[in-house]
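Below is one structure; the comments refer to it alone.
Chain naming follows the written order as A, B and C, and within any one chain the residues start at number 1.
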Amino acid sequence: MRMLPFNFDRLDSGSIFLSNVAGFHSCLDQSEFDEFIESSATSNRTLNDLLQSKLFVSDNDNLDATQAALSSALAKKLLGELEFRPIFMIVPTLRCDHACNYCQVSRANAKASGYDLDPNAISIIVSTIKRLSPPPYKIEIQGGEPLLRMDLIKAIYDQAESQLQPGNFELVITTSLSLMDESILSWARNRAVYFSTSLDGQQEVHNANRILPSQDSYERLKHSVKRILEELGANRIATVTTVTRSLLEAPESIIEAHLELGINEMFVRPISPYGFANTKPSTEYSIAEYMTFYEKLFNTIIKHNQEGIPLVESSAAIHLKRVLIPGYSQYADLKSPSGLLLNCVLFNYDSKVYGSDETRMLQRVIGDIDFSCGEVNSLSLVKNDLYQKLISSSFNLVHPGCETCAYQPYCGSDPCQHISLMGEPVGDKSLSVFCHYHKNMFRFLLDRYYSHPPTRNILKDWCHG
Amino acid sequence: MVETIRKDVFQLPPENPIAAGHYLLRTTVPDSSNHYLNQILIKDDVYSPKPNSQCITGVVRSSGLLGNISDGDIGVVNANGTLRVILSRNANHNTVLVTERCNNRCLFCSQPPKERDDDHLLVQAGLAIAAFQSDDIIGISGGEPLLYREKFLRFLDFVILHAPSTSLHILSNGRAFSDTGFASEIAKRCQDTSITFGIPLYSILGSNHDRLVGAHGAYRDTINGLINAGNLGIPIELRIIPTQQNYKDISTIVEFSSRCLSNIVQVSIMNLEPTGWAKNSWHNLYLSPSSYLDDLRNGIEAAIEASLPVCLFNFPLCHIPEDLWPYAVQSISDWKNYYPNECSQCQLKSKCPGYFTSSRGKFHHPPRRIEQCVNGT
Amino acid sequence: MEIRELQKSDYTEWVIRNTLYWLTPYSRWQLSDSSTHWIIQFESPSNDLFYELDKLLNDYTLRENVMEKTSTIREAITLNVLKSIQQRLEA
């Protein structure tokens, strides 16, 4: 028998997680692992067969076929992740009614001028979308607070309907919902319109983060969500939770907030470490602290599931899907090469086009480098060789630190985060927040998946749901 | 004699003997000759004069035959005076055998191979398909069709040229595709017409696959072949036959296909057919689906996870639990398909694959009661 | 400040450098060597640091073991990947 290349990591329960370039994985206990390293076989025959079927070991007769299979799998994976399958983002305005102290997107004052999209650009934006990729299209309306310019959103929808054809696209509006009203609801009713909103916790936590002059961000959100659920249905609203220090202490608060609103699915993630996201040191925390929070949150969510309340945490689902589902690369922030431009094309209010939400934000912080692909009228995906450099430096397979990591086949790469924090795209993984977060998530979730069968069944449902 | 869904072999009446060979069967007098095959006219028993047509080389008077064929079917007449309908417009599947030679010796081969040179079968198959002019799928089976390499390419060229609307489904062990040059030639032809290859993979443990297919080195060729074929864009239906030796491998075969192979258009999990060599070692091979349900479910789940379409072939519905019914397809060719008497009351009969006629006697696993579906229970 | 000396006969440079790579968050370090030893100077020693150091040394030694057993195969895979990609692109 011949051992084939693999990487490994130790899980908390004592199991050892193995993976190879083809994306196969397996879990061994300590003694099986020692035997395997020593002699390319364990004393458990069934396990040996499994390790051979997953290309961790080969019989000598078929070594060339096994090598060919590993190569073929890696080629398939790389080409799959290189596919151009973008979400299209449009920023109708940078103005916002909120003044959140950790705003992830640069914002402008609600009364400011010069931060809105030129209505004449909409038709060109939509025709560019059509030119760039085949249907179906996902168009995400970002801000600022886009509902400040509902007229532009409607114009975008109408253009999409005439140029892309109904049924070929959906529009996701990313909004605080503070400006939601009945007219927007009735407009959305028979259209492919979805809402995505930030929910940071229950009233106290949410209002401390999401600052409106009227101090009632949560109450408005709650009312709007209720109306969306009543009028449009549960599939029309999704939440994103950015964990701030105040939530860190109270993981139950975010579960309660979702239950209070009647939403079963949550998407919880740490605050972005980009320089512009957390301006005050008080909002900072380590990934170790985050994982302590997440573990509590996770355990409570699982407990709810066992009691019959089918809560879902999407970050967990995304990480596990990357491991369990061959070819899953739909999530732009967890793939390698990075989803930059390949999975996102953003049309900014000022007609500039960017390869991700983060690059347009980096642009505001680092003014002397052009992060754009030009203006929508003169768009060129290759003119700015910055993107080629960023994408080509985002293959984690060859990154120091990643090449010996068991989670490399499932993980991603974020050259922009590394530029923002370390000044270069590859990053020192030992200091990288991206690495710490994802490595710990994989480690934690896989440990739970393999050490606790009842949890595994719940997690399986999340992945298949 | 068990009643099959469609009868396909007929004894011809002794008067006016028909010479052995392939024929285009006509029920109406054709107005032009078919330059691929000679034509014979099938009439009912009542006497009627031989039509005065240059196109007809013979007349068969048999109402039994007439009632079972359609105008334009293809039949083969043997020296002993029987006619077998090989391509039928009434059939649920049509399959043409193009060789009996094979480089594998599968323990459960339904069509045990012969050594003799039989490349004339490829030529006859081409003519039969051209004469049949179907716009449906025709199955090509063997033996191993790709053994004749260059001649097989000529056969494909002939079909593409003369029966352009016919799609082909070719059963192969895939070993020939380990030759990249040959695989590329096939891939080129896949651009010109709809061709799918049904290729079996019985285990990712090379020695296990080799043992089941009775050929050392087969796994290596088949794996390299599947990789080449998929990469070159040849559509592949991956076939798995669970036996006592490999039922545990179903889900790893599926995971392997989804990670390492490309262009897998379907995964078919097939219940063993008790014909040919399978009968010899039936008790060492066959496993009732109920004894490996979890393996079956895991395999199906792995396919769904990877977005691979998955089907269960030849599983009577009463042998698998209800959650697997959506994957079971009516897959048994009608000429060897039957439903035992017990099935007559079953409300699911019309959706059920039923049984192989060959599964009678000691190979038969009787229908079981599906409580909610049987009348009067 | 604390100094650890590790025998060169026990650990290769590959193991030492990969281990040190992950210790940056715990302490600044400096690597030098004699003819027989790796000499690592840690600026802020702690229990966590040395626990991690031992774990990493052990795991990277195992990884090195796996690498040695699989290095020719690793190269063959990399070469074949390009062939495989080429084949797909031509299809």
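Observations on the structure shown:
By our rule, contacts are C-beta pairs under 8 Å (C-beta built on N, C-alpha and C of every residue); 3 or more make two chains touch, one makes a residue touch a chain.
Keep in mind it's a predicted model, so treat the numbers as computed, not measured.
Pairs A-C and B-C differ in how many C-beta pairs touch across them, and the larger number is found at A-C. Seen from the Cα centre of chain C, the chain whose own Cα centre is farthest off is B. Taking the mean of each chain's C-alpha atoms, the chain whose centre lies closest to the overall C-alpha mean is A. Rounded to a whole number, the gap between the C-alpha centres of chain A and chain B is 46 angstrom.
Inter-chain centre distance (chain A to chain C, centres taken as mean C-alpha positions): 30 Å.
Chain B and chain C have Cα centroids separated by 55 Å. Under the contact definition stated at the top, the residues of chain B that touch 2 or more other chains are 227, 231, 262. Shown for chain A are the residues that touch two or more other chains, namely 68, 70, 72, 75-76.
For chain C, the set of residues that touch two or more other chains comprises 84, 88.
Considering their complex, residues 18, 21-25, 59-60, 62-63, 65-67, 69-70, 73-74, 76-81, 83-85, 88 of chain C touch chain A. Across the complex, chain A meets chain C through its residues 2-8, 10, 21, 37, 40, 63, 67-68, 70-72, 74-76, 78-79, 400-401, 404, 428-431. Looking at the complex, you find that chain B touches chain C at residues 180, 187, 227-228, 231-233, 262.
The touching residues of chain B, counted against chain A in their complex, run 203-207, 217, 219-220, 223-224, 227, 230-231, 248-249, 252-253, 255-256, 258-262, 304-307. Residues 84, 87-88, 90-91 of chain C are the ones that touch chain B when the two sit in their complex.
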